[in-house]
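Here's the structure we're looking at; comments come further down.
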Amino acid sequence: MAESVWVLGASMTKIARYPDKDVIDLASEAALNALDDGGVAMRDMQVMGMGNMFQAMAGLGQSVQQQIGQTGIPVYNVVSACATGAVAVRTVFLSIMAGEADMGIAIGAEQMGKMGLLGPGGSAKSEKNVYEPSGRYGSVIGAEGILGTTLMPGVFAQAGMEYAYEHDGVGFDQFAKVAEKNHAHSVLNPLAQYQKAFSFEEIKEARMIAYPNTLPMCCPSGDGAAAVVLVSDSKLKTLSKEQQRRAVKIGASVLTSDPYAERAQVQPDVNTLTRNAAKIAYEKAGIGPDELDLVELHDCFATAELLHYDNLGLCEPGGAGAFIDSGAPWRDGKTPVNVSGGLLSKGHPIGMTGAAGVFEITTQLRGEAGDRQIEGAKVGMAHVIGLGSSCAIHILEKAAA
Amino acid sequence: MAESVWVLGASMTKIARYPDKDVIDLASEAALNALDDGGVAMRDMQVMGMGNMFQAMAGLGQSVQQQIGQTGIPVYNVVSACATGAVAVRTVFLSIMAGEADMGIAIGAEQMGKMGLLGPGGSAKSEKNVYEPSGRYGSVIGAEGILGTTLMPGVFAQAGMEYAYEHDGVGFDQFAKVAEKNHAHSVLNPLAQYQKAFSFEEIKEARMIAYPNTLPMCCPSGDGAAAVVLVSDSKLKTLSKEQQRRAVKIGASVLTSDPYAERAQVQPDVNTLTRNAAKIAYEKAGIGPDELDLVELHDCFATAELLHYDNLGLCEPGGAGAFIDSGAPWRDGKTPVNVSGGLLSKGHPIGMTGAAGVFEITTQLRGEAGDRQIEGAKVGMAHVIGLGSSCAIHILEKAAA
Amino acid sequence: MTGIVRRMGKQIPIVDYLVLGDAPHLTAHECKECKALYFDRRNACAQCGARTFGSRDLATSGVVRSFSIIHQAAPGVPVPYVSSIVDLDGGGSVKANLTKVEPDPEHVTLGMKVGLATFVAGTDDDGTEAIAFAFEPVA
Amino acid sequence: MTGIVRRMGKQIPIVDYLVLGDAPHLTAHECKECKALYFDRRNACAQCGARTFGSRDLATSGVVRSFSIIHQAAPGVPVPYVSSIVDLDGGGSVKANLTKVEPDPEHVTLGMKVGLATFVAGTDDDGTEAIAFAFEPVA
């Protein structure tokens, strides 16, 4: 249990629409590339974590093994909404910490097909012929749009507006600035689904989806996969100098769900579980937010990113508006946030995202991020939230030279 | 990592059709009862494993927490076909072994609704207007029933007939005897979906589903949930004498997937991964099959049970036919198998099954199994397989007095 | 804890936590131990784990804690409309549409005072009306 | 490795591992390293991890390794029918129906010798026939 766990290999596909590939193709491509990147093969893996949401029932891990190597190892097929990929990473991490494996691979993959912003849950109310109450609320008709909204754009818009209600200096302009930053960052990332900058005015004047989020303030739908190979400390010591040099240490790996909160009965609370996860992660890694050289956080909507500046302690309490106004989270600012372009522009294939964040931080700490490299980055954080809810935080650290 | 993990609490709902309950009701009921049984509460849990198949995408663990206690702990929502419930147990086991938790709860639950024997995959071929090859086989129309069958009754029938091809003394009669035994056993189990014995002749003459399996040789569809509370060795020592007395030790917890096998491309190999899991489990527990006082194994079809006599080493190699002929797996035989009634009669709510097996062995080792008690049982095994494939084996041991 | 159908003549509430009649209002399950409020059918209390509940009628007035103006909605839902979270006076929060207000950020404001109103959300083949609720500005 | 459409005039194979023509037969992807055979589109070899494949034509004769007589099938599938696993002479196993044999355990036997046959499984709106395969007893 005293062992450290390291990222030995990492990869992600470019996020895009892949009408000719199935989710197994995407997962296989990411897995094979992560194995190659780590200088290892499926026969070296002792456990697999597989994260996927829209085909969760199928248990895809074994299907991926059937495509890239069947060695009989345990597979954990996990799902936890937008945090799914990170939970897959966690199952491999746990297996190593439990002493059951010294090397394993985690994959997050999603083939979203033609789903739009509202997802598969966005169906119209279907009226019955004769009203009969059903379900946990005794509903007689679908309530979406009648008793407010439960769809993501509105939910995250409301989460942002609640922060605006509680804190001064937060409004439409601050949310728009988040999107301006992330789209600008994505121009440097060839793996991003979109690589197009938008001006502050273009963002504010774009088509409104759910005030205060306009279209470029909402993440797109896309397909993709990411994979990471994890290795125990003791096993890493037996590998080549080059593998050791490129390995990135997991300083903290934390998973939380949402504790009880009164209002969460009607509006998911994305804050408390992130605050709890951050607190544990900083303690485990033995660092504070000031020591983070970069952060990839869960900007499914521009409103969400702003909340997490505060939740992760990147700004003063209540100061998320001033933080974005000051330029601090830009790539040349105090704490670069979402230099990959974030979910807003890099893209957000649901099951992939949690693994893609670990890939991005790993790549940056290795100094292999190309045009989007944050020079001298030594410590980074990858954060994701899946509604329902789960929050996963990984703090990664560059190996000592 | 040197710690042992114990079952502190266990419960299962009766397996039945529950048209007025949703899967969260079933999971909540099992969880609350397992907590009560262990003398603990949700606030004592540090991790939750949640297994469910047909609503896997929803990630039900958090929904269950919202119903029975939200304390912010990590949740692993897992799916692995019929092994799902056991994989949930594994995530809690791993969390304890990794030192992240000293107590946790695992739940397996399924609300199968009106699905029949063929499951949701049993749809008719849908013919397109203009044939275009699609998918991994370039299919132009659905091939079910045209190029053989991929549905469960036929797949497990073929698995059994393959054993008959390779070994003498195995045929329709031997498979029918398995069903005769399990239905007879179920009469003693009030938690079983059915509690009705059938004669050997009734079973052979019943409606044929997929030769050699007639209707009573196929598991029924049903709803239910089971839950277990696990605790670390060191934490258990701090609990009451009564809790310690009733706790059951996990001698081995093993998960495998299927290694490459040539024919598995066209017919799932349910044998090799079970043999691999059994080998590891016996090594970890430090026992052999002769020391098992009872076994709950995965008899989704009568044909399947026969294979696993051999795969688990309960009989001589190739001797599964003689084993059932001898009466050895009856409750008064050498190695009682499926004294609960097995999936054939106890029932098989998919996501529940892996946890229900651990419940049954725990209850037997505690001496609390009522009419179906195997007197003096000290060591038992719970085995499940989910096609795709995963095999989980738990060997449980009665606490020393 | 299964919902009781409070069918008023030819009207039925859209959800069972809406009580119709002369003074329509919302009602919640209240945990006997910790007083936590829930609108859904319960198995136990998410805050304290207790398993018994009473019921509590909630106020019909409150303030807008958060809102979003929805311009892209599920099929069949007219847009724009305002979804909001309302903190009810005396306890309880609820999600509902805001009505009788222009759906733009000049007219909908955080902290505005609102009151409960009901409306017909649909009619079934027997002529039974599904009654829903919303909030509208009050002075 | 995407499937190549081998459309013969107005016929198309039901799956792309069936080759039509004068001598219909099955073809498999063969791992360049370990010679493992696969019918599906591949990302890599499940046995050895290699990522390059050739193709190999399989024999049209073999023996029945296992079977089931299906009496309850998916909607639209006539019953009873015989599903079987056939070990092909010279390597490769395949799942297919057994035809031209009474679908009962007196006539279908483990180890019986069988040969490949093709049949029309459906016709699309352009008149193109989907050609499937089965195995039937041979002397």
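A, B, C and D label the chains in the order they appear, each numbered from 1.
Note that a contact is a pair of C-beta atoms (placed from the backbone, for glycine too) under 8 Å apart; a residue touches a chain by one contact, two chains touch by 3 or more.
Please read all numbers here as calculations on a predicted model, not as lab measurements.
Among the remaining chains, those touching subunit A and also subunit C are B. By number of C-beta pairs in contact, B-D leads over the other of B-C and B-D. Separating the CA-averaged centres of subunit C and subunit D is a span of 59 Å. Per-chain CA centroids place subunit A at a distance of 43 Å from subunit D. Once the centre of each chain is set as its mean CA position, subunit B and subunit D turn out to be 33 Å apart. Under the contact definition stated at the top, the residues of subunit A that touch 2 or more other chains are 24, 65, 69-70, 136, 260.
The multi-chain contact residues of subunit D, meaning those touching 2 or more other chains, are 46-47. Interface of subunit C with subunit B (complex): residues 2, 42-49, 51.
Here subunit A touches subunit B in the complex through residues 1, 22, 24, 48, 53-54, 56-59, 61-63, 65, 69-81, 87, 90-91, 93-95, 97-100, 135-136, 255-260, 272-273, 276, 386, 388-390, going by the rule given at the top. Against subunit B, in their complex, subunit D makes its touches with residues 3, 5, 12-17, 36-41, 46-47, 65-78, 80-81, 83-85, 87, 93-97, 105, 110-111, 121-122, 124-126, 128, 130, 132-133. Looking at the complex, you find that subunit A touches subunit C at residues 117-118, 122-125, 127-133, 136-141, 143-151, 153-154, 157-159, 161-162, 164-165, 172, 207-213, 260, 262-263, 265-267. Within the complex formed with subunit C, the residues of subunit B that make contact are 20, 24-25, 28-29, 32, 41-43, 65-70.
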